[in-house]
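Take a look at the structures below.
Next come two complexes, and both contain subunit A; in the first it sits with subunit B, in the second with subunit C.
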Partner chain A sequence: MGTLKHYADRFAPLLAFVGVLLAWEAACRLFAIPAFVLPAPSAVIASTTEIGAGRWVQHLLATVQIALIGYLVAILLALPLAVMITHSRLLSRTLLPWLIIIQSTPIVAIAPIIVVTLGAGMLPRVVITTLIAFFPLVIATATGLASVPDELLELSRSLRASRSREYWQIRMPYAVPHIFSALKVAITLAVIGAVVAEFVAAEVGLGYLILFATSTFKVPMAFAALTLLVACSLLLYGVIVLAQRLLCPWSLGKEAGQ
Partner chain B sequence: MGNVIDLTRVCQTFVSSDGSPVTALQDVDLGLRKHEFVSLIGPSGCGKSTVLRLIAGLLKPTAGTVSIFDRPVTEPRDEIGVVFQKPTLLPWLNVLDNITFPMRHKYGHVDAKDTERAQALLSTIGLADFGRKRPGELSGGMQQRVAIARSLLHDPDILLMDEPFSALDALTRDEMSFELLRIWSERPKTVVFVTHSIQEAILLSDRIVVMSARPGRVAEIIDVPLPRPRSLATLSDPVFTALANDIRVKVFTRKPE
Partner chain C sequence: MKKMSKTLAHTLAALLACGAMSVHAADKVVFQLDWVPGGDKSAIYAAINQGFFKAEGLEVTLQSGRGSSDAITKLASGSADVGVGGIAALMTAVAENKAPVKAIMSIYAKEPDALFTVKGSSIKGIKDVVGKTVATATFSSSNALWPVMLKRQGIDPDSVKLLKVDPTTLAPMLAQGKVDATINWITVGPGYEAVLAQAGKTLEILPWSNYGLDGYGWSMMASDKMIQERPEVLKRVVKAMRKAFDYAIANPDAAAADLKAMVPEIDAKKAAAEFRSSIPLIQNEVSAKDGIGVFEPVLLKTTWEWVAQSMNYPVDKLDPETLVDRRFLP
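The block that comes next holds the complex of A and B.
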C-alpha cells in the first residue's frame, strides 16, 4: 500500500495531465466537434507540420527576444526608481501617482497608440513589454527596500556608515526575496506584453502567428502556437526560480529550502 | 567627574502623530562609573529605550547634555556597542561574516585581524564551530549570542543593551543572563541594560535605575548588594528575594507625577 501511495503521489499530476488530453481527444472525436471550434490534440500536433520547423523557431525567437529585452529594460528602470521612491518622501509623492497612472492604463488600449507614435519595428514592442512588466518590479523592490528592520538601520547609523553602504549592504540584499517574487510575476507579464505588441503590429512572432492562423481559420495551428507560448512562459519562469535557488538560496522560505 | 557616561538634566520631547508634543524624558540625571553594570527598569513608555538611544548618539536631547568620557555626544561614537531586542542578523551572511559585518559596513573591508577576533569571540560565546552556519540555522538564543559577539568586535568601552533577552523563552533567558555575566567578567565594560524583568535586573546589575512614566524620570536608583560572581544560588539568596519585592512595589505603586 505504501509504495502504491508513493507512486500515486509522484505520478498523479502527470496522469491527470494525460487524462485531460485523452478526454479532450475523445470528446472531439465522439461529438465530432469541428476543428475551428475546438481542435483535438492530435489535430493540433498535425498542424505543426503546416509550416517548417525553421519558421516555428523564427516565430518563437522573435517573441522571446522582445519579451526578454522588454524584461531587462523593465528591471533596469525599476531598480533605480524603487531606490528613488524609498530614498525620498518627496520623490515618492511625485513619482507614485505617475506609476499608478501608467499601471492603470490598459496595455491593450495603449498598444496601438504606441505603435502609431513609435512606428513599426522593435522599439514599440519593447516599450509595450516594458510598460506591462516594470510596475510590479518597482513596487516589490520598494517594499523590499523599506522592509528592513529599524534596528538594523540604527545599527548602520551607530556605525556612521554611508547611505550608499546602507543601500548596498543592507537594504538591497533585504529586498532580494521581494525582487525575486516580482521577477517571477514580471517574466510572465513580459511574455504577455510581447504577444500584445505582436497582435498590434508585427510580421513575425507567436502572437502574430496566432492572429494570422485564426484569421484564416487555422485554429489547430493557433492552438499549437498557444501551447508553445505557454511552454515558453513556464520555461522562463523556471529559469528565474532556478536562478534564485542558485544565486540566493537564503532568500527562499524555510519549507522551500528543505 | 570621572564618570564614563553622564546625563545632565536631559529632556526629550517628541512630536506625536497628531502634532502635539510628548515629553518622553524630563530632567534625567544619571552617572555611570567605569565597568559598572546598570539596568534601566520601569513601565512601558517610561523612556528607557530613549535613554539608550541618547547615549548611543542616535537621538539628540531636546535639552540637557549627554557626555561620554566628559565629551558631549553629538553623533554615534566608536566607544559604543549596541545589542537590540531582536538579533537583527543578516540572513544572507554566515555567522562569522555577521560578526565582522560592522567592519565591512563601516570601512568597506574586513582584515585578517577582524576575522581572527571574530573567531575568538565565537569561542567566547560557545559557538566556535558555527562560524560557517547561516543565522537561519541557529536557535533564537544562539542568534542573540551572535548579536552580542557582533557588538563586542571592536572591543567597545560601553555596551548598550535594549531588552536583549525579551524575545527568548524563560529558560534560555536565565542561561543567557549567566552567559552575559561570564562575558562581562572576561571583558569588563560599562553596560547599560534596559529590561522589563526585575529578576534579570537584580541578577545582572550593580545598580538599578527605576524609572517612572509620563513623563519619564528617574524615580530611584537602587544598589544591588549581592556578591559577585553570581550564580543560580544568587536567585535563592534572601537579599535577592527582598530586593525583588522592594523593586516590584516601587515599579507598580509609583503614580505619574
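The block that comes next holds the complex of A and C.
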C-alpha cells in the first residue's frame, strides 16, 4: 500500500500530463475539430518535421540568447537600483515613480517605437526584454535589503562596520531569498520579453516563428513553437532553482525540495 | 557651378557603377519587407538567390516588417534604405506626417483588395453583402477603402455588419461559417483555400477592382536619404528588381524555391500559388498600356483620390506627384 502511494506520488504529474494529451487528441479526433481551430497533439508533432532540426535550433537559440542577455542586463540594472532605493530616501522617492511608470507602460504597445528608435538589430530586442524583466528584481531586492531587523543594523553600526560590510554581510543574506524568488519570476518574464520583441522585429526566433506560422495558418507549427518555448522557460526556471540550491542552500528555507 | 558639380557627381557615379561590377566592394542595401516572408514576395528572394542583386554589385539584407505602415516608418526613420508596401499607406503617411519616403516603382498596377467568400454562398456579387456579416483585419489598409467602394456601388456601408478581428482568425471564421465573407488581398487566396478545404469548402474571390476600385497597390519605395545620397545604387536596385520580377513571373515555381531556400518554414507549393495569384496584379491591361513599374499620372491621381476620400482628406491636401520619383526606372 505504501509503495503504491509512493508511486502515485512520484508519477502523478507525468500521468496527468499524458492524460491531458490523450484527452486532447481524442477530442480532436472524436469531434473532428479542424486543425485551424485546435490541432491535435499528433498534428503538432508531425508539424515539427516541416523544417529541419537545425532550423529549430536556430530559432530556439535566437530566443534564448535574447532572453538571457536581457535577463543579465536586468539583473545588472536591478541590483544597484535596489541598493540606491534602500540607501537613500531621496533616491527612493526620485527613482520609484520612474520604475513604476516603466512597469505600468504596456511594453507591447511601445515595442514598435523602441524598434524604430533603436534600429532593427539585437539592441531593441534586449531593451524590450530588460524592460519587461527588471521590475520584480528591483522591488524584491529592495524589499529584501530592507527586511533586516533593526537590531542587527544597530549592532553593526555600534561596531563601526563600514557601509559596504553592512550591505554585503548583513543586508545581502537577508535579501538573497527575495532575490532568488524574483530571479525565478524574471527568467519567465525574460522569455516573454524576447517573444514580444520578436513579434515586433525579428527574422529568426520562436516568437517570429509563432507569428509567421499563425499568419500563414500553420497552426500546428505555432503550437509546436509554443511548446518548445514553454519547455525552454521551464528549463531556465529549473536552472535558477538549481543555482539557488547549489549556491545558497540556506536561503531555501521552508520551500526546500520544491 | 552647382550644375557642374552635379554633372561631375553623375559622371563619378556612372564610373563607380562600372567599377562596382568588378573591383569595388558591394554596396550594402537594407531592403524592408512589409510583412513576414510569403509567396507574393518570391521575386525579392529570387533577386538574392539568383544573384540579380550581386550582378549589380549589391549586397542586400532583407528585413521582415509588420504591415505597410511599419515598413514606411522603418524607411522614414532610416533603419532601412528601400522597401515595399502599399502606396495608399505611403499617401496616408505623407499626408499625416510628411514621411521622407518616395515610391520609385509600381509593382501592382491594380489594387489587390478583394472580398473572400465560399462557393455556393448567397454572396454572388458585391450588391449581395447587404445585411451580411463581413470580417476584416483590424489594421488592414483595405478598411478605409471599403465604405468608399460600397458607396460608389450605391450600397449603404451601414447595411453591412463589419467585424474587425486579428488577421489570423479571418480564414478560420470564414471556414466555420461564423462570417459570410472576409476582406483580404487576393494574394493570400491559396492559404485560405487550404484552410477552407479542411471544412470541405471552396474559396470564391470578388476583386474590388471589378467594382470600380482603381489605382496602384503594392509599390517599391526608398527613403529620401537613399535617393539623395546614393541615387546610382538605387538605380541598380530597381534594375535588379525588374529582372527578378521578369524571372519570377516566367518561373513562379523556381522563385518560390528561392524563397524556400532562404526561409525554410515556407511551403514552396503554396508560395508558388500565392505568387501566381499576384501575377494578374502585376501584368494586366494597365501595365500593357503604360509598362511595368510605371506610375502613370492619371492613375496615380485616381489612387490618391480613393485614399483622400476614404481618409476624409481634402483632395488638394497633397499633390500625388510629389510622392513618386520616376528617375530610377530604366
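In the analysis below, the second predicted complex is superposed on the first by the 254 of 258 C-alpha atoms of A that agree within 3 Å, B and C clash if a C-alpha of one lies under 4 Å from a C-alpha of the other, contacts with A are read in each partner's own complex, and residues count from 1 in each chain.
Note that contacts are C-beta pairs under 8 Å (C-beta built on N, C-alpha and C of every residue); 3 or more make two chains touch, one makes a residue touch a chain.
No experiment lies behind these values; they were computed from the predicted model shown.
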item	value
Fit-or-clash call for subunit B and subunit C when the two complexes are aligned on subunit A	fit
Partner touching more residues of subunit A, whether subunit B or subunit C	C
First, second, both or neither for A:F212, with subunit B first and subunit C second	second
Which of subunit B and subunit C A:R55 touches, first, second, both or neither	second
Touching partner for A:A109 - first (subunit B), second (subunit C), both, neither	neither
Inter-centroid angle subunit B-subunit A-subunit C after superposition on A [Cα, multiple of 10°]	150
Touching partner for A:V200 - first (subunit B), second (subunit C), both, neither	second
Which of subunit B and subunit C A:A161 touches, first, second, both or neither	first
Lowest inter-chain C-alpha distance for subunit C and subunit B in the superposed arrangement, angstrom	51
Contact residues common to both interfaces of subunit A (with subunit B and with subunit C)	none
Footprint of subunit B on subunit A - complex, ascending	149, 151-152, 154-161, 165, 169-170, 173, 176, 248, 250-251, 254
Complex interface listing, subunit B residues touching subunit A	53, 56-58, 75-76, 80, 82, 84-86, 88, 90-92, 101-102, 104-106, 108, 134, 136
Touching residues on subunit C, where the partner in the complex is subunit A	35-38, 62-64, 66, 70, 73-74, 77, 79-80, 167-168, 171-172, 175-176, 191-192, 194-195, 198-199, 264-265, 267, 270
Touching residues (chain side subunit A, partner subunit C) in the complex	34-37, 50-52, 55, 112, 115-117, 119-120, 199-203, 208-209, 211-218, 221
